[in-house]
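You will see chain A twice below: alongside chain B first, and alongside chain C after that.
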Partner chain A sequence: MSQPTLLNPQQFLARKSFVELNARERAQALLDEGSYRELLGPFERLESPWLLLQGVVPQADDGLIVARGKIRGADSVILAIEGQFQGGGIGEVSGAKIAAALDLALEDAKKGHPIQVVLLLETGGVRLQEANLGLEAIAEINSSLIALRHHVPVVGVIAGMVGCFGGMSITASLCSYLIMTREARLGLNGPEVIEEQSEIEEFDSKDRQLIWGVNGGEQRHATGFADYVAEDDVAAIKACINEAFGRGIPTRHRSEQVDDYLKRLAGIDVSYQLETSEVRKLWSNGENL
Partner chain B sequence: MERHYFEYAASQPIKQRAHVGVVGSGDLEVLLEPSPDQKTHVTVITSVDGFGETWKLVMDRFFSRYRHAASIEIHDFGATPGAVALRLEQAVERSQS
Partner chain C sequence: MNEKPISTRGRVWFEALAGKPAKHVPSVPSVLVADTMMEKERVRFLAIVPDPDNRFPCARQGQVGLQEGWNLAKQVRDVIKADESSEKRAVIAIVDVPSQAYGRREELLGIFLAAAAATDAYVSARLAGHPVISLLVGHAISGGFLTHGAQANRLLAFNDSGVIVHAMAKNAAARVTRRTVEELDQLAEAVIPMSYKIEDYAKLGTLYKLIDGVNVDSPEPKQVDQVRADLLAAIAEARSGQRDLRNRLRSKGAQKNRSATLVVRQRLAAEWHSNETSL
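Up next is the complex of A and B:
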């Protein structure tokens, strides 16, 4: 478990921001030099058939980059969601690209040729313009991921600034290992959605301290929902990915510990609003479960 | 959302296709490929309505300097004329590298 330490000025200036890169640049930055090869890239024009009908400009790769290559010499595939395009929303095409890539990785693993999988999650969940098709795509992604993770570890990275919400937060939680930056957020419902549905007294989406105290990378790590909290630095993210792959397939995935989590939830006093620090005490690191 | 189409006379073939940019706020994506004929074809899909004249001015200026025959597709999400010209420049540079 890596704990973040504050960078000195030299380290801060030497770092290469990962958050500032777009999805394609992120995939390129993580793969070994010269090994990057894109599958179903923009010139295949596998764009959403639904957006134009609703007057929304599509993106030629539907905001999902499938990149094959090597990570420290090992065959890998990176599935990178472009958070700048439609908030990283998952549509029929982008979702099918993820699910199909996971299925191919499973086929390869069964043939004795394991391929490391990295998911770069930058998404608000289902793309609302594609409603049910997006929901179904996420269900397919999740079932493919569950089948695959018993053969090869699947590493998720939430770098920010979009974060990972909605159905895709379930995908993040199904990953063998999850890496977050301090800037990143992970939650089922986004803060704005909770505020809209349950009034501002319940959750004030403008209160950054509250939001990061619940959804932020540091809190998610301290409460065992993320395995690593990394600096916003390409080398730091790479180091976490390498360490995660080095640990192999977890003996028990987080999502397989349902009874333990239910027991914990049952023990919480819900008559008052818990402070961030109390939650940390109650939900000390996931490994202690 | 609006579509625009522009056509220019061209002479030289381009070396390779190139893709730059993202369909994100204030940005655009450019797909540049070899043209099937001795012309440059530009198709624009933009999220912003009512700027056809501005698009024409930006394209006329750019293709008065650039004479390679290319098929260009632009997916725009509210980029400024400056950003459009820079992305086109970047795509051309990549296609020649």
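Up next is the complex of A and C:
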């Protein structure tokens, strides 16, 4: 597992923020120069058929960029969610784009032509205006991802600022490798949802220290839920992606480590609210796994 | 914790179907597991039920939490391993899950990974050739459903107002979208995926069968037999069909109400290998 690295002042000044880029710019930044080829781009106008019915303006790419190209010369596809559109919520079209691309990558891998897959996750989960079709799309994405990752590694990146929540946090956890920045958050239920569904004592959604302590990239990396924590820098994120692909298909994916996690859970006292630092001590990255 | 009425439908149907001759498999109290025979089919039944003494306070009313996700994963993986070199038995998920567990402990200890582990186990069982069947007897909401139920080769549901598939419980959705419950119902008439009615969910083409005429809360023996026959038919279909979820896309409902999904799949496949950029 990589250790978080601090940038020296020159590096800090030279860095190029990844978080500030939109989905298309992110995909362009990660692919080798001149190799970018967008599929189902905005001029094809494959938009959500459900949003206008609810008075919401749809977007011509439904907030999901599919980009083929090369990463260090290797055939790759980037599936980038646009967090600025509907909070990155997964609708019928955006979800179908992801699931279909994963299935096509699987077909290619089975034919002996592996294509590296990078998911740029910036999403609150199901887009509520498309409720059950968003939910179904996520189920299909997860199914396709599990089938694919035995043939070719799938790398997930949560850069921020939206983070990765709801059903898509399950997708993130199914990736072969997960990269987060310190600005990124990961959770099944966001703090607001927990406060709403349970009570403020369970989770005070205004307590920023608590939020970052629970959901933040540094904590997720320290407790083994993410493989890399990267600076908000295009080069740093690229370096993590390259290292992850260099490791190949994991011997055991995190979601397959059932006995280890059951043992870990059994050994933890949950009769009181745990401190984030306690969990770090108990579950330091990769320990016993 | 908000006091919510605790549903007993999961246990009712687990006991009705797994029955007395079933061999109960040791597990945590919130995850019921039993092995049984249905005619010539070996079946493992799984259900999530409320456990008022659950050591995770936010998972006491039947929600899918850490223990539920990881234990489901274990019970399904045990079946895959046990049947590695024999006929793959069927795995049937009885689904009545109000939601995932909304708690701080859950987030800190990675409920998303527990959900991923159960998802992975169900998908791996399906890909290995096990018929994976889900019977929706109550709520199938959001992350709860994604974890337990959504990955079946064949989904069956009772045509009953208490059976609900959705991304968010109705009251919460009304609050979040700043609509009244009545407005939500009205909207669902035009926007089918927003509907809380199982007949509308069936129109999306994901269901293999909508089962009519069953008293879901206290079924008569004759009705239980009917459901057994439906499950056996689903198992037979799953055995002869493909192992991925594409059967859901070939349904009449999908042709009509998921046409955008089908267009995306068709056009992306066409552009995937072409060298022309669409930009």
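Some points to look at:
Definition applied: the second predicted complex is superposed on the first by the 287 of 289 C-alpha atoms of A that agree within 3 Å, B and C clash if a C-alpha of one lies under 4 Å from a C-alpha of the other, contacts with A are read in each partner's own complex, and residues count from 1 in each chain.
By our rule, a residue touches a chain if its C-beta (ideal position, glycine included) is under 8 Å from a C-beta of that chain, and two chains touch if they have at least 3 such contacts.
Quick caveat, the model's predicted, so the values are computed rather than measured.
Of the two partner chains, neither chain B nor chain C is touched by A:Leu13.
By the touch criterion defined above, A:Ser255 reaches chain C but does not reach chain B. When the shared chain is aligned, chain C comes close enough to touch A:Glu92, but chain B does not.
Once the two structures are superposed, chain B and chain C can be ranked by residues of chain A touched, with C on top. Look at A:Ile146: by the touch rule set out above, it reaches chain C but stays clear of chain B.
Looking at the shared chain after the overlay, A:Asn215 reaches chain C, while chain B stays out of its contact range. Contacts of A:Val126 after superposition on the shared chain: chain C is touched, whereas chain B is not. Looking at the shared chain after the overlay, A:Phe43 reaches both chain B and chain C.
The contact surfaces that chain B and chain C form on chain A in the two complexes overlap at residues 41-43. Partner chain C is touched in their complex by these residues of chain A: 37-44, 46, 48-50, 53-54, 66, 68, 92-93, 96-97, 100-101, 103-104, 125-126, 128-140, 142-144, 146-147, 166-167, 169-174, 186-189, 193-194, 196-199, 202-203, 214-215, 223, 225, 253-259, 261-262, 265, 268, 270-271, 273-274, 276, 279, 283. Chain C contributes residues 1-2, 55-56, 58, 66-67, 70-71, 73-74, 77, 99-100, 102-117, 119-121, 123-124, 126-127, 142-143, 145-147, 150-151, 165-168, 172-173, 175-177, 187, 190-195, 201, 204, 206, 244-245, 248, 258-261, 263-265, 267-269, 271-272, 275, 277-279 to its touches with chain A in the complex.
Chain B meets chain A in the complex at residues 1, 17, 19, 22-25, 27, 29, 31, 33, 45-47, 73, 75-77. Residue ranges of chain A in contact with chain B, taken from their complex: 22-23, 41-43, 52, 55-60, 63, 82, 84-86.
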